[in-house]
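Each of the next two complexes has chain A plus one other chain: chain B in the first, chain C in the second.
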Partner chain A sequence: MDKKIKKFLKDAVRVAPKVSNKGELFELRNGLVSKYPQTRKDAIKKTIQQMTIGKDVSPLFPDVLKNIATSDIEQKKLVYLYVINYAQTHPELCILAVNTFVTDAQDPNPLIRCMAIRTMSMIRVDMILDHVEGPLRKTLQDDNPYVRKTAVLCVAKLFHLNRELCISLNMITDLISALDDSNLMVVANTIASLTDIYEMDSSVVPLPLLIQSHITQLLHALSECTEWARITILGALAQCDAKDSIQAQDIIGRVTPHLQHVNPAVVLSSVKVIVKNLDLLPSELQKQPTDKVSTALVSLMSTPPEMQYVALRNIRILLQKYPELLSKELPIFYVKFNDPLYVKLEKLDIMVRLVSTSNLKQCSLLLAELREYAMEFEPEFVLKAIQAISQLAIKFAYANDSTSATKFVTKALDILCTLLQDRDTFQDECLVSICDLLRYDSQLANLPLPIVSSWTDADSHLVTDSGKCNYIWMLGQYRFPNAEEKLQQFIDTFAQQGHSTQLSILLTVVKLSRQLPDTTLQHVLKLATTETQDIDIRDMAMLYWRCLSLPNADKLVEDLSNAKLPPLTSTLDQFSPELLHSLLQELSTLSSIYYKPLSQFKRRTVQHSSVQGKALDELTSMAHAEIAKNLNSETLLDLDSDSTNVPNANIKGGSALEELSDLFNFTGDSLLDKPMQKMTIQEGKQVPANGSAKDLMDLF
Partner chain B sequence: MSSGIYFCDAKGKLLLSRRYKDDIPISAIEQFPYLLIEKEQESNVIPPCFSHNGVQYLFIQHNDLYILTLTRSMYANVAQVFSFLHTLVDVLQEYMKVVEEESIKDNFVIIYELLDEVMDSGIPQITDTKMLRQYITQKSFKLIRSAKKKKNVVRPPSSLTTAVSWRPEGIKYKKNEAFLDVIESINMMMTQQGQVLRSEILGKVKVRSRLSGMPDLKLGLNDKGIFTQSNEEEEDEPSSQPSITRKKSNIELEDLKFHQCVRLSKFENEKIITFIPPDGDFELMSYRLSTPIKPLIWCDAKIQVHSRSRVEVHCRAKAQIKAKSTANNVEILIPVPNDADSPKFRYSHGSIKWVPEKNAILWKIKSFPGGKDYSMAAEMGLPSVNDIADYNFKRPVQIKFQIPYFTTSGIQVRYLKINEPKLQYNSYPWVRYITQSGEDYIIRM
Partner chain C sequence: MGNLFSSMFDRLWGVNKELRILILGLDGAGKTTILYRLQVGEVVTTKPTIGFNVETLTYKNLKLNVWDLGGQTSIRPYWRCYYANTAAVIFVVDSTDKDRMAIASKELHMMLQEEELQDAALLVFANKQDQPGALSASEVSKELKLAELKDRSWSIVASSAIKGEGITEGLDWLIDVVKEEQL
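And then the complex of A and B:
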């Protein structure tokens, strides 16, 4: 009994750390080599605490390591924690522990076997790697599935550290055979491990083939493993193509129940698999799974905001492929006042997309809802709501007959006009939206016209480039009273104005050249050729100047004023078919959140700079194609009789191309706007050409 | 997938991290606070993921914490990452009640240990707290005992990797009981005129199981349409199933979600809910109904702002429920302008106070019998200077309430059969119903 008490005391005794002037490290070291186990344990904890707050306690490595040989598993865990932390930064120190690792990998306790093998496969030192083979192979065959599930992941880590060694040891073959393991968690981790290796180097493992050959097994396994394993397996299923429609049907049938899993990530992964296989089904069988996908997506709207964000971004992709998918579910996307801003904005976008234009009641409901949003206070949200109003109206107008369309557009215009008067800070955006709607039917201008034309100093109402540009367009198109005076204030500040505004001034002055004094025209043409750095405006001004000095200049001006703008079919941006196709394959991955397909990113082993280079190459060539296309459809000048302009146009196009290429040689996000503006001019529309500019946006 | 898990404070400064791979240098996370500031300056919209220098930052916010994971792979499954981070918070909450900066600092050892188990080389592993508890024991409070227990070495429980990974074997109770709570939360959005813009019922069935052994449970609900009829029809003609069931069933439970213990394929094929429950409390299933419903508590509020002098609030609340039911803990939160002060109230029932930090008036009624009609009026002063149109004040009226012994959807538990093949004991299921306001029961002003 006495002995027991003594031992208990010895175990439990904790020596208070002495305050010494030799510094903290010294005290910790003292604690680590203390003869009382509890004191040692406390010291290890302290050391780890110091490590956590970022202090360098690596000098204590040998002393901490002395404590690894213990039967107290908690202490062992602590030591391993410490070792793992420094395994990455101070691999050389870990060599000291090789022998312990190897012994521990044979420990009777599975937890310890796991810790040892996990730690070993993380240390980037050749010497350790040399010792890793035996233990790893042994643990891959371990009796305990808990150990096997850890070991299979270690193979991927080993591959990451030293690919040659991993291949020469033939570890991957061992890994592949683990696919047939009796335990599902091991199978799931094996797939995760193989996927990881496949991502690093697709030539080493024939992953799609492997999954295809195990497909029945995986489908059966789905309902019996943990949520995370399900996600891994579903991820693998989404990678492989079904052989035929019968197999696709089988896959969909097996995966559909998982749309009801409580974990939103399982739901989204299931959606991905179903969407992937849906096209293979005969069309009459597609309805039921589509309906189930639809309810599943709706259910994702009652998850935490981050999840909702992922879901919304993915719904945006799905909606382009299946426009009717959620057409009955509008109310679920109504914005809640306590949603985070990033969710609110996505919801707005989704709502405009999902309404069905054949349903007038729904569209009207949404319009009323958008009006409410436009009265809120967060600027970004209000801006987007105002945009959405015109997007919705144009979407509706395009799909319906002219009477109901006009009625709807008038309603939207009415709301926008009220907003234009009520919301001082958002006049720019209101004006842009109004102009978009006027492009649908210019006869409707009598609503906003009295308000806008009564402004005496538009420059103080409007802030943004696009707002001013649209104002000037309206001014020219509808011949405001006192146009000259109103224009003059913009002309006076010509050099300070933005690109679109300058362009708009130029066009309007030419259009109104008969009403304005000649000096104004001369003055603007001169400003545009000398005062601006913008090559396009200079070219454009030159072009006009030359045309105006031709004999039939009057006709030109007339043509220009009467030019019918191509009707807007939609102001909602769309993905190109190729982009859509690849995004559908990549649902719930990061690339589907950024709307950038993986093909734009090289595998992650490649240096980052070259990744960017490649993406830019693609972009440049796409942009070139786009410009060439637009050049052909140049309708602005409408001068088919006048052949002298053709070379001019080519020169202009050429220089723009060069400029664009120049731009692409730089990198950085700020450039995003510039090519957009370029596109606007090439389109030759006075109103910022939302359609094509946004197409280009998609490329980014 | 994930390269590591990081806990950062409210400013984004690193508190604790666990790196699973070494492909991202530690400097990446050290940049996070600066990136946050940068993003904030750019725009108010900060999505929960962004990239910088080829590193992807994915994060959630919880109390005063940012919880992040970093990755380089564009293949990373974002849904999984966010779902995992939220689960991780839940797990930590089980261990340390509140997850915030202080508790992270106090419990770093246990967090390290958990992080080791819940994720391995970036792949989520085991997040079931009932299982984790068996081999990760909060040690800071059990120092002496753990020293004594030395021989009883902790090992991963054998059921961890089996098909029933959520329930250990050998559980024993003297009295075998199962409690079912059916909780329905009502979310509604209404206009001031009483038009319902949106309504939904979010239902949950929570279970507290105190049962021995490995019981197999079977739950029957009164929802005939979904749980029995569709069964027969589906066998006849699977493709026409959805349209027919919808017509026939009275209660249309939409997107049912089940706890992982429920056999999903069995439900899909036979529409029977069967499961082996985890021990203790868990959420068995959730469902949603979007059938239009009448507001249960309606409140006719009028707010008149006489600028530069005062604001008047008139509010009449009505409990539109059966006379024998009672709504408890009713709270009506009415927004007032930010600069309003010196409130004066007149009311017949409950209690009223001004909550300046929310810029609102809170009207509390402990018990509100069905069919009754209460009203209140308030007047507050406004400063006589400085009057910019204050859009911030345009917030909705929020209402909270609880109605016991009542479900809006009419769902009922028909039976809960408990069968333990080996022990064959008698057991007692208990059922409770409650309807309450959801997070989002509001009237737009």
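And then the complex of A and C:
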């Protein structure tokens, strides 16, 4: 019964389908131009709804725009949203909104003033930008700080959209005067805006000077503003140099509380500012800030793994400058089983750098820890752990006296030997690490030798180029039994081996030339000169061949192959001082994660004219072609006195060089007239082609 | 559904109903000045309107939604976007600008041919009567060829927006006509 009634009702009460056959847009348009305000508002809501689910409602632009003039703030917001979204597809219709924007920018309601100015500077339509001046200038002087704050940011947006207009309107001057605003929020946003403009074009704003002169305001603003504004201010503070130690102390004092901020970006930015000013302090005052920084960094280790990663990359930079910074905190950096791989790898790197070499107990603990890591299953992690063992051993041994050093290295070597036997898939890396240790202390060779020399078929144990290279080096260095046979395996497959292995084969064969039959040496030299594409190896072989043909060949070869290798002091890679300096300035930015200074991220501006640029391009390619040609023809490597007085690469070849001389107005024609064509190749190092182009450019 | 009912309700009782009135004319004719004369009863300093101004005013118990559209050549093509649901058009002419009377006439007739404006009443303000050398209402009417208009209630009123003369008279006429048509 119930069902029947329900069915009857369902049939009786007919619901009109929402979308008529004329289509949704037609319905919406009807709604938008309705005589009734409520209906129009509903239609706008529907339109925005369609827009957000990705439907193209841009044909409704003029109709939606009509509703922009309303006192209903909610409706206004919706229309603004729509306008921002579709302004680019309907630039010509945007002109209809200009008057409303201008009127709204004078609205009594500050929220509407903000919205108008914000939207206006967001729309990338020239016609709108032409009218932005008046409203923007007015809002920059607004009574309401919120409006001023928005206007200040809009200047940067305007600069981004149309640089020339922004400069010709002299907006930047207005912006700079906003730095003296009484509201600290406005000051913070002005700095953000100025920084943006400075990044786009550093010639427009003297930002460092401005920061310098407003340092007190900025320090006051620091605690008043939101976290993101804080980061901007801290970034600005990090860019300027404090006048003296008193100011540096003041800055550090003001910034230190922010080390406890919950946002890691604020923490890292604060660290950046402190590190920047730390050097200015007298050394007895440095301890306290350093301790605070170290505590802050430790606290970053309890953040999610992505942030930990960023923190670890930054710590790596800091550690090079302040090796003692976190030395007491080693246990936090121990790898947890559930850390993601990228964090584990960074932690490994940090730990070896962190450990204090004066603390034997800590080092031993770390060694044991690393040994555990080497038993894990993730290949990259294990590889890195094995490397870390030798790095740690060398670091410790270098800093300590010989008895404890030997003891420690022996222990490390012992671990590595065990690993070499146990972990089949990581033998390459173990061998490389062992060789590193042997280079540090060759007396310890009796430990790994029995294992390595027992391999009958080394090719099956070793996969990587570096592994094989190190194996062959050991063959030459420690005179294995059956060395000849073992070497022969590699000589047979010479052409298939990698660069380092080939080089290593060549060196070892020369070194062992006494024990090996003469034919082997000849064979290898021939292979190295004919079978390989690698220039270094070929030239090396040439060099040896010439040495062997000299009268006192045996002595010479003996000297060459028994030359002492420079002792290893550290196998940890370090930044160059310049790189370190720029990275410390750019902590907590992308460059601190990529270890690349900011300047490398930006596309370099072309200094010379296009004609010159083209000429240089051509020159470079000519130089490349010329070098290739020389290499393909008979190369004469001259080791006579000539090689000493040729500092620049001198490429001689018919037409190319004549053009070069034309372009560069060579005066030293004697260089060109030299009959011999040479390339400076010293010890198998080839001067790269662009290097020579650079030299030529210096002449220019 | 709810919208349908509420709008039906509104329509039946005439609640919340707004009359759309457009103010059109060549640039510099005084449209914006007239709009604000109506709205606040004062003369405001205006800048050329890029786009439009819209004000809602209550006049004789009627809610009027008055749209003042920019008259510059570049904006005139967009007038058509605003024609839908328009009850009346106020066309403002600068009576001193004899040179452009022909253009004004052309624009007016072109606009009135639009389908959507077939039922709209037309009020012409021969504005700027305070200026010396202004044409009288009948002269303007002749220049604009208003006599050619068929099937349309229209009127021309001499006005001065600056002095406030003629504006209310014109609007009174317009409201009467519109009321008749709407009810």
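Criterion: the second predicted complex is superposed on the first by the 505 of 700 C-alpha atoms of A that agree within 3 Å, B and C clash if a C-alpha of one lies under 4 Å from a C-alpha of the other, contacts with A are read in each partner's own complex, and residues count from 1 in each chain.
The rule we apply is simple: a contact is a pair of C-beta atoms (placed from the backbone, for glycine too) under 8 Å apart; a residue touches a chain by one contact, two chains touch by 3 or more.
Fair warning: this is a prediction, and the values are worked out from it, not measured in the lab.
Undergrad: Considering only touches as defined above, state whether A:Tyr36 meets chain B (first), chain C (second), both or neither.
TA: Touch partner of A:Tyr36: chain C, not chain B.
Undergrad: Is chain A touched at more residues by chain B or by chain C?
TA: Tallying touched residues of chain A, the top partner is B.
Undergrad: Tell me which partner A:Thr103 touches in the superposition: chain B (first), chain C (second), both or neither.
TA: In the superposition, A:Thr103 contacts chain C only.
Undergrad: When the two structures are overlaid on chain A, which partner does A:Asp174 contact: first (chain B), second (chain C), both, or neither?
TA: After superposition on chain A, A:Asp174 lies in contact with neither partner.
Undergrad: I'd like to know which partner A:Asp459 touches here: chain B for first, chain C for second, both or neither.
TA: A:Asp459 contacts neither chain B nor chain C.
Undergrad: Scan A:Glu484 for contacts with chain B and chain C and give back first, second, both or neither.
TA: neither
Undergrad: A:Leu93 in the overlay: touching chain B, chain C, both, or neither? Say first, second, both or neither.
TA: It touches chain C, and chain B stays clear.
Undergrad: Name the contact category of A:His131: first (chain B only), second (chain C only), both, or neither.
TA: In the superposed model, A:His131 contacts chain C only, not chain B.
Undergrad: For chain A, what residues appear in both contact lists, the one with chain B and the one with chain C?
TA: 37-38
Undergrad: Which bits of chain B are touching chain A when the two form their complex?
TA: 1, 14-16, 19, 21-23, 26, 43-49, 51, 53-54, 56, 58, 60, 71-80, 82-87, 108-109, 112-113, 116, 120-128, 135, 139, 143-144, 146-148, 150, 153-156, 160-163, 165, 189, 197-198, 200, 202, 238-239, 241-242, 254-260, 263-265, 267-268, 283, 286, 288, 290, 391-392, 394-396, 439-440, 442, 444
Undergrad: Can you name the residues of chain C that touch chain A in the complex?
TA: 1, 3-4, 6-7, 10, 16-20, 47, 49-54, 70, 74-75, 78, 81-82, 84-85
Undergrad: Please name which positions on chain A make contact with chain B in the complex.
TA: 8, 11-12, 37-38, 45, 48-49, 52, 54, 71-74, 77-78, 81, 88-89, 109-111, 115, 118, 122, 124, 144-146, 149-150, 153-154, 156-157, 160, 183-186, 189, 192, 195-196, 199, 223-228, 231-232, 235, 254, 256-265, 268-269, 284-285, 287-288, 291, 295-296, 298-299, 302, 304-307, 309-311, 331-332, 334, 336-338, 341-342, 345, 369, 372, 375-380, 588-594, 596, 598, 601, 604, 608, 611
Undergrad: Which bits of chain A are touching chain C when the two form their complex?
TA: 15-16, 33-39, 42, 62-63, 65-66, 69, 93, 95-100, 102-103, 131
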